[in-house]
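Supplied in structure tokens, the structure appears directly below.
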Amino acid sequence: MASKIKHPELADRGRLQIEWAEKHMPVVAKFIRERFAAEKPLNGIRVGAVLHVTKETAALVRTLVAGGAVVRLAASNPLSTQDDVAAALASEEGIEVCAWRGMSEDEYFDCIRWIASWEPNIVIDDGGDLHATLHKEYLDIAARVWGGTEETTTGVIRLRAMEREGVLKYPAIAVNDAKTKMMFDNRYGTGQSAIDGILRATNILLAGKRVVVAGYGWVGRGIAIRARGMGARVIVTEVDPIKALEAVMDGFEVMPMKEAAKIGDVFITATGNKKVIRREHFEVMKDGAILANAGHFNVEIWVPDLEELAVSKRQVRPYVTEYTLADGRKIYLLAEGRLVNLVAAEGHPSEVMDMSFANQALSVEYLVKSRGKLEPKVYNVPREIDEEVARLKLKAMGIEIDKLTEEQKQYLESWKL
Amino acid sequence: MASKIKHPELADRGRLQIEWAEKHMPVVAKFIRERFAAEKPLNGIRVGAVLHVTKETAALVRTLVAGGAVVRLAASNPLSTQDDVAAALASEEGIEVCAWRGMSEDEYFDCIRWIASWEPNIVIDDGGDLHATLHKEYLDIAARVWGGTEETTTGVIRLRAMEREGVLKYPAIAVNDAKTKMMFDNRYGTGQSAIDGILRATNILLAGKRVVVAGYGWVGRGIAIRARGMGARVIVTEVDPIKALEAVMDGFEVMPMKEAAKIGDVFITATGNKKVIRREHFEVMKDGAILANAGHFNVEIWVPDLEELAVSKRQVRPYVTEYTLADGRKIYLLAEGRLVNLVAAEGHPSEVMDMSFANQALSVEYLVKSRGKLEPKVYNVPREIDEEVARLKLKAMGIEIDKLTEEQKQYLESWKL
Amino acid sequence: MASKIKHPELADRGRLQIEWAEKHMPVVAKFIRERFAAEKPLNGIRVGAVLHVTKETAALVRTLVAGGAVVRLAASNPLSTQDDVAAALASEEGIEVCAWRGMSEDEYFDCIRWIASWEPNIVIDDGGDLHATLHKEYLDIAARVWGGTEETTTGVIRLRAMEREGVLKYPAIAVNDAKTKMMFDNRYGTGQSAIDGILRATNILLAGKRVVVAGYGWVGRGIAIRARGMGARVIVTEVDPIKALEAVMDGFEVMPMKEAAKIGDVFITATGNKKVIRREHFEVMKDGAILANAGHFNVEIWVPDLEELAVSKRQVRPYVTEYTLADGRKIYLLAEGRLVNLVAAEGHPSEVMDMSFANQALSVEYLVKSRGKLEPKVYNVPREIDEEVARLKLKAMGIEIDKLTEEQKQYLESWKL
Amino acid sequence: MASKIKHPELADRGRLQIEWAEKHMPVVAKFIRERFAAEKPLNGIRVGAVLHVTKETAALVRTLVAGGAVVRLAASNPLSTQDDVAAALASEEGIEVCAWRGMSEDEYFDCIRWIASWEPNIVIDDGGDLHATLHKEYLDIAARVWGGTEETTTGVIRLRAMEREGVLKYPAIAVNDAKTKMMFDNRYGTGQSAIDGILRATNILLAGKRVVVAGYGWVGRGIAIRARGMGARVIVTEVDPIKALEAVMDGFEVMPMKEAAKIGDVFITATGNKKVIRREHFEVMKDGAILANAGHFNVEIWVPDLEELAVSKRQVRPYVTEYTLADGRKIYLLAEGRLVNLVAAEGHPSEVMDMSFANQALSVEYLVKSRGKLEPKVYNVPREIDEEVARLKLKAMGIEIDKLTEEQKQYLESWKL
């Protein structure tokens, strides 16, 4: 086997993990897999995937293999690999893995090259490094790739830039933008897991606490509603007046961060911007304030300012750093300002990854079926796939919905002219 | 005065009504009006408006006049005119009104022609009859109109059809599609007023009732969340699997209407489609079921089927019709299947009309300022106007929000490339 | 017929009203009535009742008659009689009514004496005036009364005082204190109907408004949760630190009225105390503040202070009085500070009166069955009756619940020793 | 030092833990401690305490010592001791500890005897074993004890039995029954921590899941509202019709467990009874059902039935046991049916223990001050202490509340006669 992994002895434990994930990913691991196994739509297709090597990714990869594909999988982040899952996957037919936790940046890119140079037919990426590497170092190969998909906002932005510059070599599907991905994993996935991460890190009682949520996009409103659901008194901060007004109409207090900073007990950033909480805010916070980031990289809470203001710092619990300021106030930073749901909890629950990865699996199939028919552009996930994912998810939950009658369809048509 | 109204003696009462509305419409009746009064951006402009003649419309008209405009106002519906408001408006300088409750269809169109033939510079419409009349009967005048606005989905659809067919004669702004209109009046306005209408009509206790909401668009989710807020056990029906899945993730029960029909206590339609509740559903409903429509015309609940199934019917309370079926079951239809929030309550609260009409006022100003620069197409409300409306509404509520720093703006720019 | 009513011609309309109420009072008007009709537990019993003469009371009276009783009914408030309902009741066999809207105080007490002097076996009272009259003016008759019930807190307090002083002549059941009465009509009934009354009176949008609820007892928490359910930002004021802390843990803002007065948009009192909102609060309120009382008599909002502060007042909508203060601020008082849910809406929905009056009906039966076995004391509603009411209500809603197994019963017993 | 602990080397880590707890226990660790340190109300008093040796208990013990007491502390459960906390406490002046995780039952009772034989003035107990041991084995000493407190329902039941039998030797305060204990730690503490435990054990997405909560007491309603707050569709089961009806009116689905068993995704028991989920329920559950107990001992979910039905079992994640039934269905039991919030999460957050232990500290002070004035009975926590705890908690949160004016006090008095 060609796999490059660290702990083959953990395969059994990895299998248990994958089994648990697949139990909660019926769309990918049951419905689509069963059809793929019967129809083999990916027969002999080489799929190169750069994804977080987790139990949920394993479910996707195994479904692709069930559809007939041969898969090479590399890590999309040097730190996110679950070594036991990597081991379990590497032990399976048709799957090769290049991933271990704690790989260096060179090793990280070596694994990506190991995929690119393999001449994949279809590529799946999470962040855009595979797409970029293909277009920079393997242009010939890129030109022969049938199509690719992209899981993240960042990656889609990079792909669109390539499209604008006219250098994109193959059609790419922005899985990130699928409704059944974006509206669900951000709102329901991060909404829950951010709360979960904060509880695991701190074990504080949320009831009655003033929780300040910065940003009222999908992530922010997911967190705000969950925090309220735990009994917190929630304050929202925003820069967009329309979103701010929605927050007010949804019953939340809205105010500038400078005011919220004075009264908040817990702060959660979810803006996609940098320096959302910074020196001027740290300076007025209450003793004991807790800070967590659920939005973006570790730039939303501007840690350098906190480091400067602090006279000392120490770790008081796992993932909790206590900063003592000159006047004696203590501020608690969770997960060093990194994504609290990933670091202090387990990231998105399998159920939301089920929807995201169902879009991946069906988009890969679509790219194979559409070979030669698509231009080298960035495409949205076709509406039919988006709806099919929702339909299968509902089916998995045992939920039926209405269907339009012919007469109703005509009526709606007549409306839209 | 040229006004054609029915009850000039009600002007005093009308003034009281307008005052109450304006108290709750600070964006239109205070902020924009004060600026208009100072800047006179509409000086001498003839504005022809076909709108529901209500206290909220009065606030808009008076603000246009404060900006220097001369306004002719006709009713956009033969039944919706508040005669006291019409009288109060007609008594003011710069405003002429052609509207009375219970006008005939001929009279209705006569009023519209009375506006069209006046050669307005700017036209405001609610439903598209003024736009249509101008393009059918007054093509010369239409060609000289500077621009128009449209308040409703129906009207916007008609305008877009005219645009597609290449017959549209002036630029038109789809006020209906403004975020600060669509996302607020449907969700928060109808959400509350539908519940209000049902309570006024029936005085039932909602706590513990099974309330079935058909449709999970803006209106449906507004109603669903308010019904839950009153303690109801809410069931959502949908035809769109993505919306259905959102409803489930928001904690609602989701099932086909055929199932919901068997267990629901109250049914509220909000789909924009016809025959959403029909014979097959009436046949299985519980004795005592209550039906209300909050979505569209009186076609969502298919009353003809109910009429056929019933062995007798009678009115048991204002706006409540009792249908007795052959097996003795009684079904209660509110407001004859018309919009329950308009018929049994007072329609949208002034606060949401404030946002809708702020878009109107600013769009009229925009059309005047952009005279000659726009093509005869359907335009969205400019993002700046949409945000300005939200900003003024927040200001009226005494709410401040954050502003991006220069560094943050650059950071976001760098993201979007 | 001996009835003293005002509008016998309204009997038909009254019957329609009663029918609507009974449709929503299945416990009283179906389950208990059917059993009473079969078993006749009140055969020949004279029941004297002083209650609000409403459609819901009609349902109770008709059930007592179905059980064999002969009933005399008088109004418990000179202003609350629905004349059409009085007429419909007076037209039925076995029922005599002495009640009309707008009776004088003398007439009011004459009707009560008309009942007392009739030598009733069982008395039902709402406020204690019948009990008091019997004990003051008809002591001989009181001594022969088998037992009585009392619907209100006030009445129970008066009865307990009589018990303490040793003057109570018959056993009295504090229906007011039944769990299925007190916990339900206050929380769910007033919770909804207070919101309903405010909407009918003002038609304001609650979403985003700051609603201040004074008092976090059953009524206050019912209102607070419904106001939040309508999208309001809710502030609670309290004098009891334990209740205040519950409010905080339930996610509400809590502050003294003096602070809340400055920022509230709508104020709803539900404390059972006087002068909860007074001069010092009026003085700092925002222009446009709306005041409503849902708790007690018209003493919670101290209107005399408002009258003194105001330079003018006028009615701007039904049930809305505008007070203009010296500095130009306008404050809006609803229903003159009386109970907003009774005055501006229709009071408790029939569904909660169903539970309250089911306790009445079963308590009357219990008093008859227990004749001679009870002492002249104030009794709670027997736990079995309380539970039976809940059980029947659940049955009416089609809801089944679990039953303890024998083993579980023993386990619990062993716990309690 | 006389302490009997296992890991003195962990004292530093324990201190960090205690510090974190005390940061979130301002009532016990700041307000009461500061007063105690100034007033020394427990000067020289020997306090014997049998409590879970956790960081929160440490905060209580240290406050008693600050008040002048000398404390001996033993574990109230052989498995619950945090060895690092025990070490940190044992290193402090005035505190001796007898506790280590994993002690045998003999060792457990030896520690209790080590306290009893020390002739404590005041005893604090959690479960009643110290009270029982004193009354069985050290009757002379018991007779000289000034008074005791009890933290749990179980312990209070045992004390009341002793009182009834006339054998109780000293006054005992039922801290468990304080409002600021019972209404808060059950509802808000267990409500949150049960959800927390389930998330840590399973990482499932709660949004859209059907969560069945057995029991609608304080614990059950706390869990139900938090589960709804996470987006779950919540079903409540009950045996008490009044509580069941409350659940319905609060908007929850209510049905017998036999029906709920067929459709639930997650089951959480909180009844205080045994065999709430048993063979007949396991038999109809869906594949993948997850079971957790948050109520009582490990008897609510009747594991023996599950063991019998299963053809195999294995641990698939920490605290998750998978049972495979004969038909292939898999059922997942969390924490072996023990308290999921204690086993899989960290039990009550410090914030609620703050209130519980504030009652302990003030009750101990009260017992000292009342020496000789109380009878050997079970007393409730005095209302003043209960309110003082709430008042201090509000103060710690920076929340002020209203005070009754003299006039209002008189008004209320006049009401109560």
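In order of appearance the chains are A, B, C and D, and numbering begins at 1 in each one.
Definition applied: a contact is a pair of C-beta atoms (placed from the backbone, for glycine too) under 8 Å apart; a residue touches a chain by one contact, two chains touch by 3 or more.
Quick caveat: nothing in here was measured; it's all calculated off a predicted structure.
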Pair sharing more residue contacts (C-beta pairs) when A-B is set against A-C: A-B
Repeat of interface A-D, chosen from B-D, C-D or B-C - more than half of residue-number contact pairs shared: B-C
Subunit A and subunit C: spacing of chain centres that average the CA atoms, whole Å: 54
For subunit B paired with subunit C, centre-to-centre distance based on mean C-alpha positions, whole Å: 38
Where subunit A and subunit B are represented by their mean Cα positions, the distance between them in whole Å: 38
Multi-partner residues of subunit D (at least 2 other chains): 188, 207-208, 228, 231, 245, 248-249, 397
Subunit C contact footprint on subunit B (complex, rising order): 16, 19-20, 23-24, 188-189, 191-192, 195-196, 199-200, 203-208, 225-226, 228-231, 263, 288, 316-317, 320, 330, 345-346, 349-352, 397-398
List of subunit D residues in touch with subunit C within their complex: 157, 160-161, 164, 179-180, 183-184, 187-188, 237-242, 244-246, 248-249, 254-257, 259, 272-276, 386-387, 390-391, 393-394, 397, 399-405, 407-408, 411-412, 415-417
Touching residues (chain side subunit C, partner subunit A) in the complex: 207-208, 228, 231-234, 245, 248-253
